[in-house]
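When the chains are written out, they are named A, B, C and D in that same order, and each has its own residue count from 1.
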Amino acid sequence: MAEHAWILAAVPGIAFIVMAALGRNLPRQGDWLAVLCATSIFGLFFAVLANFLNLGGGAWPVLNSIEWTAIGDFKLNMGIAVDPITIVMLAVITTVALMVNIFSVGYMKGEPRYWWYFAVLQLFVASMLMLVLADNLLLLYVAWELVGLSSFLLIGHYWERRSAVEAAKKAFITTRVGDVGLLIGIILFWEATGTFNILDIIHYVEEGAIGDTRLFVTMMFILLGAMGKSAQLPFHVWLPDAMEGPTPVSALIHAATMVVAGVYLVARLLPVFEAAGALDVVLVIGLLTALFSGVVAFAQTDIKKVLAYSTVSQLGFMFVALGAGYASAGMFHLFTHAFFKALLFLGAGSVIIGTHHHQEMGQLGGLWRKMPITAGTFLIGSLALAGLFPLAGFWSKDEILHAVEGQGTFFFFLISIAAIMTAFYTARLFVRTFLGKPQDEEIASHTRETGPVMTLPLVFLAFMSIVAGFFIFHDFGSAFGFPGGFSEFVFLHYPHAFHVDWGLVGLSTALFVIGTFGGAWFYWNGRLDRSTVMAEWQPKVYEMVQRKFYFDDLYQFLIDRVVLGFSYLVSWFDRFAVNDTGVDGSATMTGYAGFLLKHLQTGRVPNYAMAIAAGVVALTLISLAVGS
Amino acid sequence: MDTAQGYVLVTALALPLLAAGVLLFVPGSQKMMARYFSAVIGAILLGLSVYVFLAYQAGGDVLQMQLRWAWIENVGFLGENGISLHLGVDGISALLTLLTGVVAFAGTLIAWKLEYRAKDFFILFWILIAGVYGTFFALDLFFFFFFYELAVVPLYMLIGIWGSTRKEYGAMKLTLMLVGGSVGIWIGIFAVVHEAGLGTFDLPTLWEAGQNGLISAETQKIIFPFFAVGCGVLAGLWPLHTWSPDGHMSAPTSVSMVHAGVLMKLGAFGIIRLGIQILPEGAEFWMPALLVLGTIGALYGAIAALTQRDFKLISGYSSVSHMGYVLIGLATLHEVGVSGAALQMFSHGVMTALVFLLIGALYDQAHTRDLSDFGGVAKVMPLWVIAYVVAGLANVGLPGLSGFTAEFHIFVGAFRTYPVFGGLAILAAAIAAAYMLRMFGVVFFGPLNPRWKDLKDLSPLETISAALLILSMLAMGLWWSPFTDRLANTVTSLPGVIS
Amino acid sequence: MRDFTLFIPEFIAISGAIAILAAELIWPKIRKDYLAYATAAGALGWLIAAIPYIGDTAGDFEGVLLTDDFTTYFRILAAGIVMAIALISAHYMRDRTSTAGEYYGLLLVAGTGMVLMAASRELLTAYMSLELLSFSLYILVGYFKRDRLSNEASLKYILLGAFSSAMLLYGISLIYGVTGTTSYEGIAEALAAREGGTDAATVVGIMLIVAGVGFKVSAAPFHMWAPDAYQGAPLPITAFLSTASKAAGFALILRLFTGALVVDAVEWRAVIAALAAITMTAGNLLAIQQTNLKRLVAYSSIGQVGYMLVAIAAIGYGDAATAESASSALLLHIVGYTVSTLALFTALTAHYNRTGDDSIAGLRGLAETQPFLALVITASLFSFAGLPFFAGFATKLLLFQASTTEGLLWLVGLAAANSFVSLYYYLMVMRQMYLFDPPEGQTRFRPSPLLGALAGLLLLGVLFIGVYPQPAFEATDRAASALFEVSASGLIRLP
Amino acid sequence: MVPMENYLVLSGIIFSLGVYGVLARRNAVLVLMSVELMLNAVSLNFVAFSAYLDPDKATGIIFAVFVIAVAAAEVGLALAIVIRLFRNRSTANVDEAATMRW
């Protein structure tokens, strides 16, 4: 089964075609088909997993490819490669996709283009699965673009809203800039090695087939693509805006799966990054992103925006882990983060539905009474995010701290700050939304707990958020068929058995406590006076944070003034210089020459005779000049 | 078998001419008759084109389905086979034949709703199509030029009579620029035939002459620019592209479709047929220049398209940009790059034909093409928007659609030979995303402008045409090998093309 | 040997001319279009009589005239032109004049002059033939003697014609002085036997001859009479001027230059090349500015002369083979050009007979009122521009290709560029016909069956030559090889 | 015996005078007479060449005879046209016959 894992991608692909073609005419607009599809790939995943584990480490990675195209010496194969990283990604994608599909049935009820939503969701799942299954960078790029497209379509689902359209556009174009880098990087790899196959490339690089500088440049381009997709600084601007899309989409695409594609890519090519000496760049970018978005998350008031910046920040954590050379740590955080962040987003979705489309924290508060299940699961998710022992987030963050330990105290200090901030804004989010008194009685009076279609996925994900961390343990792993636990399973090349480092656990817990209780104390019971302290004390700083350090404004300025300005210039040049002067001008000149010339034709015989006589003289002169 | 297949080519060539001849005698008032008749002809041509493409054997000889009818020989300066109706296809022309069939059929259906002098329109239309087929099939320099001109000239009347916005200016400029370009080709032909000194216009003979040193390297370097610029005008070579925005703005829908879809490809095709194949050394010498111009065109078109307010201007500039890719692909003289150029010709052909179809469908109802007049059109014209989005995504090179297949090959070729230009070309693709999405955002989405609440979606005929074109895009995007396999032998056999 | 049977066709033509003159004297009330038909019949007889001479052995008449395939080619051309012009004139002249006998008679005489120009192998004979044609044309151009324009045209034509023929004669006298003979063969031998380099007398003599014949074919700067004469002349005569007169000029040039002056090619080839360049450029640039159709055609035909002169220059630049193939292609182009011009004027006459308007704007909306005429006009204009399917495409391409020789590529390029410029003003005419609606009150009409049929026939000719030029090319090739059998290219004097 | 050059120079002078006359005169009749002058120069040339270089065949003399004849015919025809001009416009000034130009 493992060598036929492509079926996983094919099933939702076919579902997309069927739903896009028939969609509206199917019973219930085909949502059952979507859930059925998600369930079946969830089931199929276990078939793949079982087969994969049965084959055993000697048979990994499981390969299957066909010749795709050939022009002269240029040959291209397409296929899949299943190795532990892929398996992890498959687990994340199929699980979250199932939950989101189920949740969406409740969330999207009565929304416009219900069928289309589910259809595109299947397209996304198909592309995402293809992305992680691809054995070569080209297919990966294809899938990479297709997930971008699905993301574009889903963000822009409510296209009657101008802001949704703008957000979709922004997401597509921003990631596209990164994709340009990725494509360049991919082609540069081909240029150097003559293949797109990932394993071959790694093999070549380890043999030293690519020169240092060249490899570094290539990896920078690849990294550009990863940064774009994973919303790393300075490409992060699209992700918060992407919250314009339906909330389940945010859970699936903008928290659990698509945005981690960059992390996946870097983890996949980690040996190459290492060989290129590019890991430090990854580390620094990750760290900056983690800190930056942690800060910005403080000043956000929209639940989803907070979660979005939190996602950016956590993606930064993953990059930090990768940058430190610990692929397993990064992948592990990816794994756990997928569950609790999906949980949080779906929880936010549940809040939005329960309160009839209110998501400003300032209008909420005290929801736990009205929505106990949502609140409970949200709490679990928050604690996992903040890193409470022994929830999933604790273990993965612990791994990251462990990884950074080797990079020097300075980095360790910064990442600890980031961890505190995580706990802090998470506490703020939970406290202001669910605890205290309702800020708006009107909203509170209408609030209802959502139905089981939506709460069941929350419960499941909450369960996962609790237990997912234990996969790190040897014994836990053995029970599921992969001895050595997550770390060893994921990265064969970098065996790294997990040991609980109690010192680190203590520190980690301390960070959690500082952050969480700090945040809770600060925002408890809607004590807004304290939360506005910063705004009063340092209004400029506060404004800077709230305006996201002016990144969006800067980009807007660059686009409006520089890019579009240049475009106006080019258009003007094209009209005036090339067309009117160059093309029309030469036509006019020709006509004008005729106009001048025609005045020689005076209509008078003597003038005509003069022309003849002069002609004879001129011809004679020409002849004498040329002939002699 | 080969000759028998050659008759397929003759049929595809003669059929549109016959159609024009027959229509000449149909009374102008019999519009429906002209339409049905043209639709049938279009369908047959589509069938023949598909046949030519499929029957072209991927692993076989480069030139297939050859047929030679003596025409003018052993007279004056002409020797044996002086001028002969020598037809045949190679991989590139087989692909472009398919493109012609698809676009011509779609164009015929779109011209259905034309009321004013419908019969005359179809006459000229079929003459144009015959010219296109002829150029792709011709293996004789004389007939190549014959059909090349034949394809260009009817445009004057097609645009001048049935056009819109500043139609006379657009028509005159377009015709003059294109014919002006063909002057370059003409001069090149004189020089080549004279230099080869074989008294023949037969292209394979001349190719051999060019490759065997009968035409000296120095001479080749002098002649090549004439071919390159001459064909380049039609291919939208910067800075001789300005007929494209104006011409497209003026042209009626189906003419725009055929023109941007197929005709611009004649130019690039000419650069291969005449430039690269007859003058390999000249080509090698001049290709860097062509590369620079192509890259400028690709970027320039994309950047200029960013701020246009007229649908057709966006497409016009985007065509300049995409034809820039074609030139980049050719200029790499690398087997993958040149294949990419051929693929891009097809891809851009169907994509741009679809775009013009859709613009026409909107303009016919709205009578404006200003982007800012619209908004939220997706509400009333969902099919239209879906088709446009597909076309737009092909335009920005989204994988799964033909644009990516083509551009990927071009980029690969460019990186092997001129990495910096390859990078710039990819950048242009990113800009393409910006202008396309900008248009999507402004026109399709957002709140519906109540002025447009009565807009009608695509008619059945338009839907069929659009579906056909989308199908072509998907076919190339999803399954490369039928296309690349047919190109492989041809491309590797081109002189001077490296691997 | 005086073998008068060599000129039976011309005897028929002259007899026809006399018969027509006599007929009108005897029956002054005779319907004038009958005279036209009689002329056409005479020309047809002339043409039929010429057919047996095709491929016949060359017949020499006292060393002054030669009937070979070259002569026969021009015979058939002349007879064809006269026949077509007579038919075009039939209604036109019937409506406008009471005496047409001289008109039709002179057409035949002029045609005979043209043939004799092609047949001449001696300067005096050539000159006399030239004047035979010219005198006929002077009268024909001024045939509407009360029409101010017609009169002005013929005045200009005759004064400048006399002036230029004086030049020509002075040139001939100088050549005679240098060589002591007027026969082409003798001149060639004498020039080849001459010792030393350039001598001014020969050069000046040749240049004066170039001016004389240049005037005849209206090469710039000797072209200035042409637009005025074309505009003032009766419409069919404009057609005659732009076909017969030019063809005759080139017949004389080809005979003279290949038979005698080719020996001194180094003296004149650059001059002819320059003349060609100036002619085509001036013709085309000036044509852009025109508003009158006849003037437009005049300038356009000047442009065409420029193209034709390229072939003459190629005779000077190339080797014997090139010279022969260039001549052959030139003769082919002359056929294509002639047929196209006749088609154009047939259609224009049909249009003019109805509207009496010879301005370009007068064609407005013709595609609506008379699509067939519009089609014929389009075909002939496109033929001039060298667009595919029409005669001009093939003939011009072959002409330029055959003329491509070392040192002349620039001229060929210029010719190609000029032919592009010409497209602009042809399109301007097209624009009137196709892009605009007809003026108020203009309704659909039918051309007379005669003109319609003639136009259709000529249109077929234009298409035939354009699509399948092989038969015509073979014929011109025979003519050219006959020409080169008596050429002096073996005696070429190297610089 | 008078050298041939003298005839030639004389002929050249006469021809030039004729050319000047054509260029400078405005009266159509005078223009015609100037052309006649040119033709006379030609005849002189022919006769001189014939007498000095080709006395046996006398080609030049024959040519001269033809030139004279043609000139006479030409004048006859031209004068008729000038008369029509005078009838139509009451002038024989060639400058005024310039309706058609450009």
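Here is the rule we use: contacts are C-beta pairs under 8 Å (C-beta built on N, C-alpha and C of every residue); 3 or more make two chains touch, one makes a residue touch a chain.
As the structure is a computational prediction, the values presented were derived from the model and not from experiment.
Enquirer: Could you compare the number of C-beta pairs in contact for A-C with that for A-B and name the larger?
Expert: If we tally the C-beta pairs in contact for A-C and A-B, the bigger total goes to A-B.
Enquirer: Just the number, please: Cα centre separation of subunit A and subunit C in whole Å.
Expert: 78
Enquirer: Quick one: report the Å distance separating subunit A from subunit B, using the average Cα coordinate of each chain.
Expert: The answer is 37 Å.
Enquirer: Could you grab the centroid distance between subunit A and subunit D? Build each centroid from C-alpha atoms only and quote it in angstrom.
Expert: Each chain's C-alpha centroid was found; their separation is 97 Å.
Enquirer: How big is the gap, in whole Å, between where the Cα atoms of subunit B centre and where those of subunit D centre?
Expert: 64
Enquirer: Going by the touch rule set out above, which residues of subunit B reach two or more other chains?
Expert: 176
Enquirer: Specify, in ascending order, the residues of subunit A that touch 2 or more different other chains.
Expert: Correct list: 587, 598, 601, 603, 605, 609.
Enquirer: I need the residues of subunit D touching at least two other chains; which ones are they?
Expert: Touching at least two other chains: 22, 31, 94, 97-102.
Enquirer: Which chains are in touch, pair by pair?
Expert: Touching chain pairs, listed by label, come out as A-B, A-C, A-D, B-C, C-D.
Enquirer: Residue numbers of subunit A touching subunit B in their complex, please.
Expert: Touch residues, subunit A against subunit B: 67-74, 138, 141-143, 145-146, 149, 156, 159-162, 164-166, 168-169, 172-173, 176-177, 179-180, 183-184, 187-188, 190-191, 563-564, 566-568, 570-571, 574, 578-579, 582-584, 587.
Enquirer: List the residues on subunit A that touch subunit D in their complex, please.
Expert: 598-599, 601-606, 609-610, 613
Enquirer: Please name which positions on subunit A make contact with subunit C in the complex.
Expert: 587, 590-591, 593-595, 597-598, 600-601, 603, 605, 607-609, 611-612, 614-616, 618-620, 622-624, 626-628
Enquirer: Looking at the complex, which residues from subunit D come into contact with subunit A?
Expert: Touching subunit A from subunit D are residues 19, 22-26, 31, 94-95, 97-102.
Enquirer: Which residues, counting only subunit C, touch subunit D once they are in their complex?
Expert: Where subunit C meets subunit D, its residues are 123-124, 127-128, 131, 135, 138-139, 142, 145-146, 148-149, 151-156, 158-159, 162-163, 166-167, 169-170, 172-174, 176-177, 180-182, 227-228, 231-232, 289, 295.
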